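Lettered A, B, C, D, E, F and G in written order, each chain numbered from 1.
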Amino acid sequence: MMTSRGYDMTPTMYSPDGRIYQVEYAMETVKRGTLAIGVCSKEGVIIAVEEKTRTLQTTNITQKIFQVDFHIGVAAAGYIPDARIQVDSARFYSQGSRMTYDESVEVATVAKHLADQSHQFTQYSGVRPNGVSLIIAGIDQKGESIYVTDPSGTYVQYAAIAIGAGSDDVNEFLEKHYNSDISMDDAASLAIAAINLKNEQKDGIDDINMAKITTKAKVFETISESDLKNYSQNVSKFASE
Amino acid sequence: MMTSRGYDMTPTMYSPDGRIYQVEYAMETVKRGTLAIGVCSKEGVIIAVEEKTRTLQTTNITQKIFQVDFHIGVAAAGYIPDARIQVDSARFYSQGSRMTYDESVEVATVAKHLADQSHQFTQYSGVRPNGVSLIIAGIDQKGESIYVTDPSGTYVQYAAIAIGAGSDDVNEFLEKHYNSDISMDDAASLAIAAINLKNEQKDGIDDINMAKITTKAKVFETISESDLKNYSQNVSKFASE
Amino acid sequence: MMTSRGYDMTPTMYSPDGRIYQVEYAMETVKRGTLAIGVCSKEGVIIAVEEKTRTLQTTNITQKIFQVDFHIGVAAAGYIPDARIQVDSARFYSQGSRMTYDESVEVATVAKHLADQSHQFTQYSGVRPNGVSLIIAGIDQKGESIYVTDPSGTYVQYAAIAIGAGSDDVNEFLEKHYNSDISMDDAASLAIAAINLKNEQKDGIDDINMAKITTKAKVFETISESDLKNYSQNVSKFASE
Amino acid sequence: MMTSRGYDMTPTMYSPDGRIYQVEYAMETVKRGTLAIGVCSKEGVIIAVEEKTRTLQTTNITQKIFQVDFHIGVAAAGYIPDARIQVDSARFYSQGSRMTYDESVEVATVAKHLADQSHQFTQYSGVRPNGVSLIIAGIDQKGESIYVTDPSGTYVQYAAIAIGAGSDDVNEFLEKHYNSDISMDDAASLAIAAINLKNEQKDGIDDINMAKITTKAKVFETISESDLKNYSQNVSKFASE
Amino acid sequence: MMTSRGYDMTPTMYSPDGRIYQVEYAMETVKRGTLAIGVCSKEGVIIAVEEKTRTLQTTNITQKIFQVDFHIGVAAAGYIPDARIQVDSARFYSQGSRMTYDESVEVATVAKHLADQSHQFTQYSGVRPNGVSLIIAGIDQKGESIYVTDPSGTYVQYAAIAIGAGSDDVNEFLEKHYNSDISMDDAASLAIAAINLKNEQKDGIDDINMAKITTKAKVFETISESDLKNYSQNVSKFASE
Amino acid sequence: MMTSRGYDMTPTMYSPDGRIYQVEYAMETVKRGTLAIGVCSKEGVIIAVEEKTRTLQTTNITQKIFQVDFHIGVAAAGYIPDARIQVDSARFYSQGSRMTYDESVEVATVAKHLADQSHQFTQYSGVRPNGVSLIIAGIDQKGESIYVTDPSGTYVQYAAIAIGAGSDDVNEFLEKHYNSDISMDDAASLAIAAINLKNEQKDGIDDINMAKITTKAKVFETISESDLKNYSQNVSKFASE
Amino acid sequence: MMTSRGYDMTPTMYSPDGRIYQVEYAMETVKRGTLAIGVCSKEGVIIAVEEKTRTLQTTNITQKIFQVDFHIGVAAAGYIPDARIQVDSARFYSQGSRMTYDESVEVATVAKHLADQSHQFTQYSGVRPNGVSLIIAGIDQKGESIYVTDPSGTYVQYAAIAIGAGSDDVNEFLEKHYNSDISMDDAASLAIAAINLKNEQKDGIDDINMAKITTKAKVFETISESDLKNYSQNVSKFASE
């Protein structure tokens, strides 16, 4: 830590070994956030977040899952107000695209748009990098896809991915249990199992919010608590060793 | 504290562990403010603040409760001049919305507008984050609702919530005594009991200002001192343990 | 003091305990200024300042009492050039209001305008907070009123108030002797007694400037030296214990 | 001095005790400048400066006395290039006023204009306060008047005043010898006596420049060396005990 | 390192020995990136990158090889989000050029455009230098060419070149084995051999992405995995002694 | 020096004793420059500079003497690129003045223009003061005149003056030998003698450039080497005892 | 070095002894660059640079010699990307001049334009001075000429000049061997001898690039390798004793 001092004060400064510390610190902010997960199935895409609410908090409004367009949703980990602003930008961009070209924007295009925005916050002074990673999931002409953006401005496509606190272990878990022929129902169960990886209760759903976009409907749907309950009954399929 | 030094000088800088200290310090400013409370009832919403005045201060003007529109009110805790500016912005936004769409703005929309503003003050240099949390309470097409914004740019919906000095204890108290079928009268009594939680005199109302918006009238009303007195006679309903 | 170091360099920085030191220091500037007093009577309002002049200074021009409009006056304590700029802004605002609405601006509106301006200087970098508090006194449709603004951007209504050096003691004195049925003449005598609180000569008027706006005339009038002399003969009414 | 360190680096920063050190330092710059004097008589106004020139310097051009308009002159002490810029601004302002209102600008208006300008340099970053005090002397509808501006943005009217090096002693001297019935000739002699207060040769005029505006002529006139010599013969009237 | 301290904080500062450390640190960022290679043949150009992907990452999308125009491709080493922004700029520039002049832009012109952009980030404050080097390869009127840009704003033409981690050794290897009559197939095999220089498995292609533009087709083509496999069978031609 | 530390970093900061160190340091830059001299005669004005050239430098182009207009020339000491920019500004200003008023600009007006420009660089941040002093010499309606500007923004008229390295001694020398009836020829010889004041060879002209403007011709003329030689033969007239 | 600390951080700051260290450090950057040479002959001008290339670098493109216009070329030493930007500006300026006046721009005018640009980078904050010196050589109405610009914004005309690493020794060598009647062929040989001054092989041309503009053709021509070889055979004419 000592050696980074002074070089880590602004995103417009390199350290002698060529690192941009403020971007790395922003990634720590993502790691401080609760888990978010995306799983891609042949039948559609699933996004899920762990979201602990206070007793009197109104739970029908999720802070960490957002609908961007009919066919695109976002799950976030990190500094959530940054996520909200990025989602607003994605919505505006997506609608603009629809008006201009008279067709739905591609998921990859939205992901690149958000990554480009995040990149701007790493190159100019007077701002801080975004403190959030986003899972952008959707269905478009090319099929189902899931992208992840991070504070550095990178965007990468995954079949299944976790971001936020404990995501390293959860990604290992996903790598072990995911296969590309997974059904939507199993994808949902896998997501629950992944979020509960370190919890005693492997089928707990109290702190889980989930949404899906099916290849058929191509429309973002919040998954109801009763459906969540059903999915949770199959988590044992993905018993961690 | 030592280790934060240097990373806590501007809101555009992350600490090595991914925290934005200036935002956290602004939340301390909120904690230094006197208590503000919002309670949601099926019949309407209540907002209340503790507000100590000097002997010769004219008390018919409250510094910490504001009307935003016919159907929306705000209670503030923290650096009050920041609250005033945010309320002005909310009024302007609310009126603009009415002119454009010819109907009342939704409470959630106002809350998001204020949270987005607060967020801006966390991302760009040359400003400080807002030093205030707001309880935004109102009645709209979706019914009664109460939102809380904070310096980070977060906004969250609650059934009942306290912000400001001692709010942790008061929120525990609210969680114990609040239920969603509470009447407006009981909601008012609960608010008084909550503000007096740590006071000897559990029914004191000298330093309390309160306002309500009923589902029926949909209009912001300041609660008179005589009504306050009536409500205070029922605080014993909510005897803390 | 030690612990504030570094956090007290700009108004756009919070200390770890949520304080904005530059605003607090600006309030020290107000405390360094000589005393200013406002007293509200049913018959009108009085503002008075202590103002020591050099031997060859032309005394018919006061540095610390200003007329804003026909019906509004200001008394200032602190860094006087800041007061002058604020008064100019108040005059401009007041005249603009008159032209737009064809009626006199309300005293509260002017007070809020000046407080909002002061607030701006606490939120953006590249400026310092205003180093002055103002007593804004006037008569409007709602009657007699006196407001006080300070460097933080707060404005509060008082029946009687002192600002500047020694104001804590003087406010205690006012709280003891003021009552809301006070006559204009007694209000003037009270102001003299208050300014001389710590002086040997309780009826000295050499360093006092005073102005009044009566409810009847609704016009700002400087009080002549002979009237001051008359008022000073009744200061014994308000003998401090 | 030690304790001011850090708080005295920019005019937009208060010290913990509410002082603006950069403004106070700019006043030191004024104290480093040679003496300037203004004296008001019923018959007109006199301004005079001490101005030491190098042997081959062309002396018919004064660096420290300026004509602003027909009826207004300025004498400066401190950082003279700042004075020159302020005088240019005053000339422009005065001519603009004449064109707009078709009459001569008032002396007080010019003084306030210059003080307001100086104030701006105390409130915004990226500039330094003006390092100069000005004596603005003239004749207008209200008669003879002399104003003094300083780096803080203050302006004050005096019957007679000295600024610059040694001005404290000289002002004491003026207070002893000035009276409001002084003739123009005596005012000129008094100014010479004042400038030579600490010199052995009480009637020396080699380093003195002087100008006058008489109530009759209302026109700025440089006083010739022969007139200066005449005035100097009466300095003994004002023997400093 | 000690001696550079202070001079290495911004790209707008020289050290006493005339170095621009922030530019040198940005070059370290390039060295931290995985290897990228360009090889020029009489029959066309080859670009290749080493690109390790996570297990569930979708591999059909490369992060480090980009098509700029029909006839131009880019391979990047270093901070990839910077590369993406530069490639976007190159695409826009290339299309603009086509529209204006109705012909394909020259490869050298694109390289110069990107180098000029990088240079801007070394001369003005408030930004950081680009943390990426690019290999720009293409076919134009002048034939096959490969250019390299770096964070300093330099661009240089090479027959064969490696950038990124371990590029010093790989460039030595290329110098030994490259000759200007190399066939496209051998160029591809050489690139594979070069990337695997330090690996045990000399013909591994799992982490390699490659693209080519042939002189005949003048069109950017991604090289398929089966073609890669074929090329890899000839890496022994370039056994490193 | 110690005590100035911190206060001497920008021209927009006063030291506790009211000095602007960056301006004083810029004057040191002038003192580091080689000597420049101006001498006023009844028949015209002379400007001369010491200018050492490298062996292969083309000497017919002087770096330190400039023609501004037909009737005005400039000699510079200090940081010469600053002088060049100021001269360009003077040329532009002078031509603009001629176009607007259809007559030659006055020398004093040009001097004031350049001094005002220099002053700007002492009041705003983000620039450094000019590091050059200029001798502005010319003939206008008022006759022959010579002005000197310096980094502070001061301009002063002299009959004869030296600036740059050793100018203190040279000015003493000029004061001893100059008289206002000096002929042009003697003025030229005096300038040579002054530049050689500290040299063994009192009549050396190898490193001297000189120009004149005669009252008759009113046109800037470079003085030829043969004329210089003639003038140098009379330097003994001004033997520095 | 110690004593410069703090004063050498920005080009807008003088040290106590009046130096602008950032400009001096930029001159160190020039000294770090490889040698560039310009030689003026009655028959034309020669520019030459030492330019070491990597084995696979394409050598037909020089990094350090540039054509600006038909009749003007540039050779650079120092931070080459800065040179490229300056050359682009010179080309634009030169073409603009041709369009406006319908004739070729003068070499001196281009040199002054580039020097003025470099000067701007020494006076304003937020940029660094240019880290390059340029030899601008050409033929215009006034004949053959060679100018040198440096980071300070100075431009000087020379008959023959070297810049960059070891230029002090090479300039001594040029002073000894250059004479103004030198033929173009000998000028070229002299340039080769000068570049090889410290090399064992006095006639080596592998790392030399050269260009010429003859008085007759008035067109920039790169000198071919075979011509270079011929010239190199006469370097013994300029044996450095």
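FYI, a contact is a pair of C-beta atoms (placed from the backbone, for glycine too) under 8 Å apart; a residue touches a chain by one contact, two chains touch by 3 or more.
Just so you know, these numbers come straight off a predicted model, no measurement behind them.
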Angle, in degrees to the nearest 5, of the Cα rotation that carries chain C onto chain E: 155
Distance between the centres, which are taken as Cα means, of chain E and chain D, whole angstrom: 70
Where chain A and chain G are represented by their mean Cα positions, the distance between them in whole Å: 56
Sites on chain G at which at least two other chains make contact: 125-126
Pairwise touch network: line, ring, star, complete, or other: ring
Cyclic ordering of chains (reference chain F, direction chain G): F, G, E, A, B, C, D
Complex interface listing, chain D residues touching chain F: 1, 4-5, 8-10, 21-22, 25-32, 54-58, 61, 63, 79-82, 84-85, 88, 121, 125-129, 131
Interfacial residue positions of chain A with respect to chain E in the complex: 6-7, 11-20, 112, 115-116, 118-119, 122-126, 145, 152-154, 156-161, 171, 174-175, 178
